[in-house]
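There are two complexes below, and they share subunit A, which is joined by subunit B in the first and by subunit C in the second.
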Partner chain A sequence: MRRKILVNVIGVLLAFLLGALVMLFQGYNPLETYFRLFQYSLSPGKITYTLSNSVPLVLTGLSASVAFASGAINLGQPGQLLIGALFATVGGLYLNLPQVLMIPTLLILAMVGGALWSGIAAVLKYWFNMSEFITTLMLNMIADYFTYWAITYPFFEKNANHPQTPLINQSGWIPEWGNFNTNILVMILAFVVIWFIVNRATAGYEWRISGQNSLFSRLGGVNISKNYLAVMLLTGALAGLAGGMVVMAGPHRFIKDIGANYAWDGVMIAMVANTDIVLTLVYGIFFGILQTGAVGMELITAVPKELIQVLQAVIVLIVVSGRVYFESLFASFEARRRMRERVA
Partner chain B sequence: MNVIIGLINGMISSATPILLAALGGSLTFYAGIFNIAMEGMMLSGAFFAVLGSYYFHSWPLGILFAILGALLMALIFILFAVVLKMDEFITGIGLNLFALGLTTYLLEEIFNVRGMFTSPQIVPVPSIDFPLIENIPVIGEILSGQNLIVYLAFLATILVHYLDFKTRFGLRLRAAGYNRTSLDTSGISANRVRIWSLILCAVLCGLAGAFLSLGVITGFTKGMSAGKGWISLAAVILVSGNPTGIALISLLFGFTDGLGLFMQQSLPSQFTSMVPYLATLVALFIYSFRLKKKQMV
Partner chain C sequence: MDDIIEMNRIVKIFPPALIALDDVSVTFRRGEIHAIVGENGAGKSTLMKILYGMHPADSGEIIHNGKKVKFLDPGESILAGIGMVHQEILLVSQYTVWENVILGIEPVKFFDRLDEKKARRQVKAKIDEFNFNLDPDARVEDISIAARQKVEILKLLFRNVSILIMDEPTSVLTPQEIPELFDELKRLRDNGDTILFISHHLEEVLELSDRITVLRKGKKVGTIEAGEANKTMLAQMMVGREVIFESIRKFQPAGDVVFEINGVNYTDPDKKQRLTDINLQVRAGEIVGIAGVEGNGQLELVQVIMGLVEPTSGSVRALGEDITRAPILEKRKKIAFVSQDRANMGACIPARITENVIMTHHRLNKRFTKWGGRVLDSRQAGLFTNEVRDKFDVQMSSGEAVFKSLSGGNQQKVILGRELLLEAPFILLDQPTRGLDVGSIEYVHQQIMDMRTQQRGMLLISADLEELFRLCDRLVVMHRGKIVAELITEQTNVTEVGYLMLEGAAYEA
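So, the complex of A and B:
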């Protein structure tokens, strides 16, 4: 466990070092830049805001982690997020229930939307054996244009000068307690449920075994295609939930490009976390800290906030490649230490 | 008549970037690399093409920069996937997002704009007119007057076909994918062959990128490769890497793209833009359907 933490910390530090070199090369002060970044996102007044920003990252990260660990190459989180956001928005525009009913209804709608979109890919694989890897990618582009159409024509807000829907009914807004946005609670709930399913429930065990060795699990009596469908629907629902949260906790309407890069960031988080559920939460929040801090960094030091996007990709590449390398290094240290003990 | 000529020319120009990237993908496919980084290579190529053309006011340097930009991505892929033996899938995804981040960052850092950069100082790649052919009615309007990179893509198709099937390198390339241990034991480093295939792939993707930002449109838009690298990956998978098949399937995808533009009179543009992605899904569907039939016989 300690080794796992060390590998991740070293990888992240190496990536930061590389980022610092890039900044030095361009004449920025890297120490000040990093200081401003963390100062902005971790200051007492901002920390709940940072956590709230990391909600879509953690949710899409969980979606990708569960999918990859179960051997389903669901890369459709961007599309599932958008469709989920659209479903929540449309529900929020036409339904008007008391808040206690409204919020769960919209969250369920968002999950249904995401699951519907991932379900298309799942069905194509189930019936026609089409690789979900490419179909989900194509569905992403289709979802992108479809939601763009939806907010330009049927759900367009009149008098707006760029494509967006009107505000959803106020009872569907995720409540804020002072500085504390309660979307954080939804994230924690989702995390606990997913952690429990993956680590404690039979279904999660079957999924993980199918991901590691599908032949072994089939011989052990696991119904592979049923599990595959379940994983695709669940991960789609998670991505859709992320979309719903973005609308309901953020601008309260569907704006063009509302999905930002959340879903792809989630895919990166799953890869850097090696599909571990707890690490997914940690990296999701960490990426949230980086992205929130980037705004402050840009305000004070003039380093463009897009640098963080580069840094994130570098972190993924270095941590993942380093994991294999460091782990073999530690193993050889360990072996040498044991040998010395034997000799003594 | 003009409509048909327009459709065919639209088909050719939409097919060109897909064809070039897919030819690169064909080389890595034969070398046994699960290369999904074409999207990132193309995007990086498109950005550096604009950079080169803008600063040196010359399109040949734009193309050169595009190739260098794509090569940068290929080198990172080689470092992680071949040297450090990291998972090719993770490397590819990481690299595509790295390319997206890097180009947006540099766009802001160098040109001080967000999202889009265009300037009259960017010199586009010229179209080529052939003196005699251009006077032939109908055919002349198609065969002549295309962008230089379109002709390069045509040449590249023949070259890649020749390279894959008629040269010693092609034999080794396919051996690296088919059975790399046997290639290693016969005294040729499979890794070296794989590295060369990635470098050639980057050159082709760089050209594809240059066509995007210096061909039809002059200028760079954030994420302008818009899934074309993924479509080209689908094209490679559909025909198992065969260059001639890739050329045909790219033209088919290009045709649907042109058709989409044509349908804009009656449908909202968002739906017509979906057409190439839907076409990819349909093509994959037919492919798996035929595969299933074959297995049942």
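So, the complex of A and C:
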């Protein structure tokens, strides 16, 4: 456990060091840049905003982590997020319930949308044995253009000068308590539920073991296809939830490119967290801090915010490759210690 | 006879803390067959791999022909005349014998073109020199495993190797093929070559070798002249205590039929008929053995019984109920299964020990779950892991450790514990002692006999005749997907069964 933390911390620090070298090379002051970055995202007035920004990252990260850990290569988070966002938007446009009913209804609609989209991939696998690796990627494209069409024609806001829907009914807006956007609470709830399912529930146990050795689980009496379907639906629902939250907590409408890069960042987060649920939350928030801070960094120091994307990618590369390298390094330290003990 | 290799005070530690060799010194003489014996994990292969340059030693020295040497990779050791034949055979199966032999040191003519005639002639000359019964133009994929092994040896001889390391060469051979290999090895020895022979089959070692070095848990127990050794003494040196070899069966009347296979045929997706009209019955308190050379339908039979594939026709019944197409979980209520393939079928290697122990139990026994089966009871899982540890004598630090961290023998004990505690009336044992050392084999056999006393019915698939004769009440022989003989153990012998395994028909003297 301590070793796991150490490997991650070393990886992140090394990535920052590399980022600093790049900045030095370009003639910026790395220390000031990093200071501004964290000052912007972690100052008391900003921290809840930063947390709120990391919600879609954490949710899509959880989606990818659960899928990868269970051996389902769901790479369809971008599409599932968009469809979830569209479902929540359409619900928000045509339904008008009291807030206590409206918000859960829209969240459920978003999850249904995401699950529907991943469910298509699951069904294609079940019937035609098509790999979800391919179908989820293809469905991303379809979702991209389908939602673009939906906001350009049937749900287009009249008089708008670029594709977007009208605002959803106000009862469907995620409430803000002063600075505190309550989408953070939804994220925490989702995290707790997912952690419990993966680490404590019978289903999560079967998913994890099947992800590591599906033949063994099958021989042990595990129903592989039922579990696969459950994992695909759940991870699709998580990505859909992320989409719903982006609409309901943000612009309150579906605007073109609303999905941004959240879902791909989520896949990256799952990889860097090695599908560990707690680490997914930590890295999701950490990436949120970097992305939010990037704006402030650019404002004050003129370092372009794209640098942060480079930094994220470097973190992923170093932590993922370092995991294996540091493990064997620690092991050889241990061996050398034993050797000395033996001689002594 | 003079010493050709001296290995002095070799220490090897595999990170983080596995001491594979602990101060081992051994000397090999020119022109001897020297066996290295020991249980699994005793360090036999490691010692030989250090000599061959595959692993560096952490301390100690190697003296070759009076000179201190250090081989950094197998290429260097081959140049020095030391070669190794591995357990798994590494040849290009589409190439002919001579093409495989010259691969890497091809004779060439102008413009670096392969001089095929010369190459073939050279290989043929080597084959004749050593009197190997091999056709240089045969494709490797068309020749038997034994012949492929010969090609491996020939490859080394072609590179002028005079010290030949053989890693368990007999493990891939049928009983009938072994004498030929031994004749060849003896011929090489009489030629002045040195053979280092890794094995844990004691009869073979006694028959073939001149001297024997015994390793136990990374330490050298001793080197003795084969003429002065016997099986009991070697086993005692290997295990560190006395081992019994006789049959351990006591007479016990068999009960009702608990498991039967009726007229099962199976054709695989490539349209190859793998099983033909298999009929079998297993009674309570009875062990039925399936003898056969690997690849004669045993794997397919296991797959049919466990429900991994559906038979083309026929049925599988347990306690009278047709379970041919039942979901695997249903089958598991009646069938416990110990696989030969621990890494893929028997366990989830990267998962924790506890997670491996509760598999199947978590679905069949309410004790392991709460909230109507939805949530695992981790306390019960921990208790059960300790129960398996105590009942099956597993050496482990904690149930939270990963399964991978256990030694092979302990892994098998955990699997055995999980399956035997399922309390199923029928147990399918697919080579349950494969790759285990003598001590663990004895332990597994004892557990199997206990199950027999408890009136469980068992089907034991094994390639090891000694094991089959030791445990089984009845034997059936499989050959090319058919049952070619059904025998009562007391009324047959190893020669007859061995012949049936190879030829598929009764021995006619």
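We adopt the following convention: the second predicted complex is superposed on the first by the 334 of 344 C-alpha atoms of A that agree within 3 Å, B and C clash if a C-alpha of one lies under 4 Å from a C-alpha of the other, contacts with A are read in each partner's own complex, and residues count from 1 in each chain.
In this text, a contact is a pair of C-beta atoms (placed from the backbone, for glycine too) under 8 Å apart; a residue touches a chain by one contact, two chains touch by 3 or more.
Because the structure is predicted, anything quoted here is derived from the model rather than measured.
Engineer: Identify whether subunit B and subunit C fit side by side or clash on subunit A in the overlaid structures.
Structural biologist: Aligned through their shared chain, the two binders fit side by side on subunit A.
Engineer: Which partner does A:Ser43 reach: the first (subunit B), the second (subunit C), both, or neither?
Structural biologist: In the superposition, A:Ser43 contacts neither subunit B nor subunit C.
Engineer: Touch test for A:Met138: subunit B only (first), subunit C only (second), both, or neither?
Structural biologist: first
Engineer: For A:Thr202, using the defined touch cut-off, is the partner it touches subunit B, subunit C, both, or neither? Pick first, second, both or neither.
Structural biologist: Second partner only.
Engineer: Of the two partners subunit B and subunit C, indicate the one touching more residues belonging to subunit A.
Structural biologist: Larger number of subunit A residues touched: B.
Engineer: In the superposed arrangement, which partner chain does A:Asn129 touch: subunit B (first), subunit C (second), both, or neither?
Structural biologist: The first partner, subunit B, only.
Engineer: With the two structures laid over each other on chain A, which partner does A:Pro304 touch: subunit B (first), subunit C (second), both, or neither?
Structural biologist: first
Engineer: I'd like to know which partner A:Gln170 touches here: subunit B for first, subunit C for second, both or neither.
Structural biologist: Touch partners of A:Gln170: none, neither subunit B nor subunit C.
Engineer: Quick one: smallest Cα-Cα gap between subunit B and subunit C in the superposed arrangement, Å?
Structural biologist: In the combined three-chain model, subunit B comes within 5 Å of subunit C at the C-alpha level.
Engineer: Show which residues of subunit A both subunit B and subunit C reach, each in its own complex.
Structural biologist: Correct list for subunit A: none, the interfaces share no residue.
Engineer: Within their complex, state which residues of subunit B touch subunit A.
Structural biologist: It comes out as residues 76, 80, 84-87, 89-91, 93-95, 97-98, 100-102, 104-105, 107-109, 226-227, 230, 233-234, 237, 268, 270-271, 273-274, 277-278, 280-281, 284-285, 288-289, 291-292.
Engineer: Across the complex, what residues on subunit A touch subunit C?
Structural biologist: It comes out as residues 200-203, 205, 208-209, 212-213, 215-223, 328, 330-332, 334-335, 338-339, 342.
Engineer: Going by the contact rule set out above, which residues of subunit A touch subunit B in the complex?
Structural biologist: 26, 73, 75, 124, 128-131, 134-135, 137-142, 145-146, 148-149, 152-153, 261, 264, 267-268, 271, 304, 306-314, 316-317, 320-321, 324-325
Engineer: Can you list the residues on subunit C that touch subunit A in the complex?
Structural biologist: The contact residues of subunit C facing subunit A are 11, 13-17, 19, 22, 58-59, 306, 308, 327-329, 331-332, 337, 339, 344-351, 355, 359-360, 362-364, 369, 373-376, 378.
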